[in-house]
Amino acid sequence: MDSNTVVENIYLLVVVTLVSVLQNAFFAQKVERESHTHTPCTDRVSCANRNCMDAYPTFLAVMWCAGLCLSQAPAAFAGIIYLLVRQKYFVGYLGQTSQSTPGYLFGKRIIFFLFMMCVVGIFNHLLWRYYGSDYKEYVQTITSAASTLLLIP
Amino acid sequence: MDSNTVVENIYLLVVVTLVSVLQNAFFAQKVERESHTHTPCTDRVSCANRNCMDAYPTFLAVMWCAGLCLSQAPAAFAGIIYLLVRQKYFVGYLGQTSQSTPGYLFGKRIIFFLFMMCVVGIFNHLLWRYYGSDYKEYVQTITSAASTLLLIP
Amino acid sequence: MDSNTVVENIYLLVVVTLVSVLQNAFFAQKVERESHTHTPCTDRVSCANRNCMDAYPTFLAVMWCAGLCLSQAPAAFAGIIYLLVRQKYFVGYLGQTSQSTPGYLFGKRIIFFLFMMCVVGIFNHLLWRYYGSDYKEYVQTITSAASTLLLIP
């Protein structure tokens, strides 16, 4: 029963993690296939993959912290949006060679949102600990509402 | 006492994580040593290391999710097998230069197994949540049995 | 209330993770800015960044395991020290081109300390499980005292 409580609090995060793993596998397949052909595209694919992989642990860490500290639904929602942005970034990177490639960074806004969720969660926890006032429910409602703002392109 | 319950549910996963950290340190030592000598081997070592490191966060995330959502023993067992495969991959990568190197991906089967464990765990949790039927024990037994199939080369 | 207990046990770790995310963002900004200018510095920046990013999942995994298995305060303290060392390493890497660059590895001592914390935590858990003797409080006190040794350069 206790184990079910644990799963209850994280299952949305697990789902997003699984989707991100699928996406990683898709990227890796691309790199794998290109590494056999040795077209000029290879560098772009492996570079896009490396940029995505560089940011991956950071993303996972922030998403899980946000989900554990505050509330899992908005964190998982932001995670899904991040994965969409990453997909667009990867595909955009493979675009026409003449075209300039996107920069090193992507999804800054979403990482920032998740970061703020963590900060608010910790701040709220300290408030509860030292003053006994718990605004968690209000904060969770506001966060859920604010997460829809991420949909604005 | 509560803290001991937490550790009880994750200690096998922690052990596998520690072994993987030792392995990372071994890989890093190799890269470190080669970077001083500047033999032609350097590229192969650093490439093997990079491929291993690219897959590392994915592996950790899937293993921990599988361990938390379903059952830690089969997840830790699959993790150990993955580390063996990775060791073999790394050593194989450093083999004779004439030989073709292994591809970018490795341990696909084990990642897939851990992935399915997560999916089954989440599905089982949703069943329990909406229908009240808990097949966790059966699923755990089946998973433990199925994990031995990973030993087949 | 249960959720607050969870946050209580991890909030220092979350703070360190957030600081590390900020540092990653700082590194990424450096890489991003350099990739526009294409100075000879670019290779050094991206190499320093890659070395830091290679070690990042290992660091996060060990820190969280140490924090969960034994005690969060020394783990978070060691994490902060690690981030300082990493900052120094990154800045040192960008130093004068004539100067030899630091090696591939850094912060070995801190990773080793966190590793030992995990081992002690697991060992203590097994003692508690099979012999019923719980030395956790003593071990935590010793660990807190030992963590100050990390301050010695």
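Order as written gives the chain letters A, B and C; numbering starts at 1 within each chain.
In the analysis below, a contact is a pair of C-beta atoms (placed from the backbone, for glycine too) under 8 Å apart; a residue touches a chain by one contact, two chains touch by 3 or more.
The structure displayed is predicted, hence computed values, not measured ones.
A.B. asks: With chains as vertices and touches as edges, which is it: line, ring, star, complete or other?
C.D. replies: If you draw each chain as a dot and join those that touch, every dot ends up joined to every other.
A.B. asks: For chain A versus chain C, which are copies of one sequence, does the interface use mostly the same residue numbers on each side, meaning over half shared, or is it different?
C.D. replies: Answer different: the two copies use largely distinct residue numbers here.
A.B. asks: Quick one: how far do you have to rotate chain B to sit on chain C, C-alpha fit, nearest 5 degrees?
C.D. replies: Chain B sits rotated relative to chain C by 120 degrees.
A.B. asks: Roughly how many whole angstrom separate the Cα centroids of chain A and chain C?
C.D. replies: Using C-alpha averages as centres, the distance is 21 Å.
A.B. asks: Touching at least two other chains at once: which residues of chain B meet that condition?
C.D. replies: In chain B, residues 57 touch at least two other chains, as defined above.
A.B. asks: Can you list the chain B residues touching chain A in their complex?
C.D. replies: Touch list, chain B to chain A: 5, 9, 54-55, 57-58, 61-62, 65, 68-69, 103-105, 111, 115, 118-119, 121-122, 125-126, 128-129, 134, 136.
A.B. asks: Which of the residues in chain C come into contact with chain A in the complex?
C.D. replies: Residues 2-4, 6-8, 10-11, 14-15, 17-18, 20-21, 24-25, 28-29, 31-32, 35, 49-50, 53, 56-57, 60.
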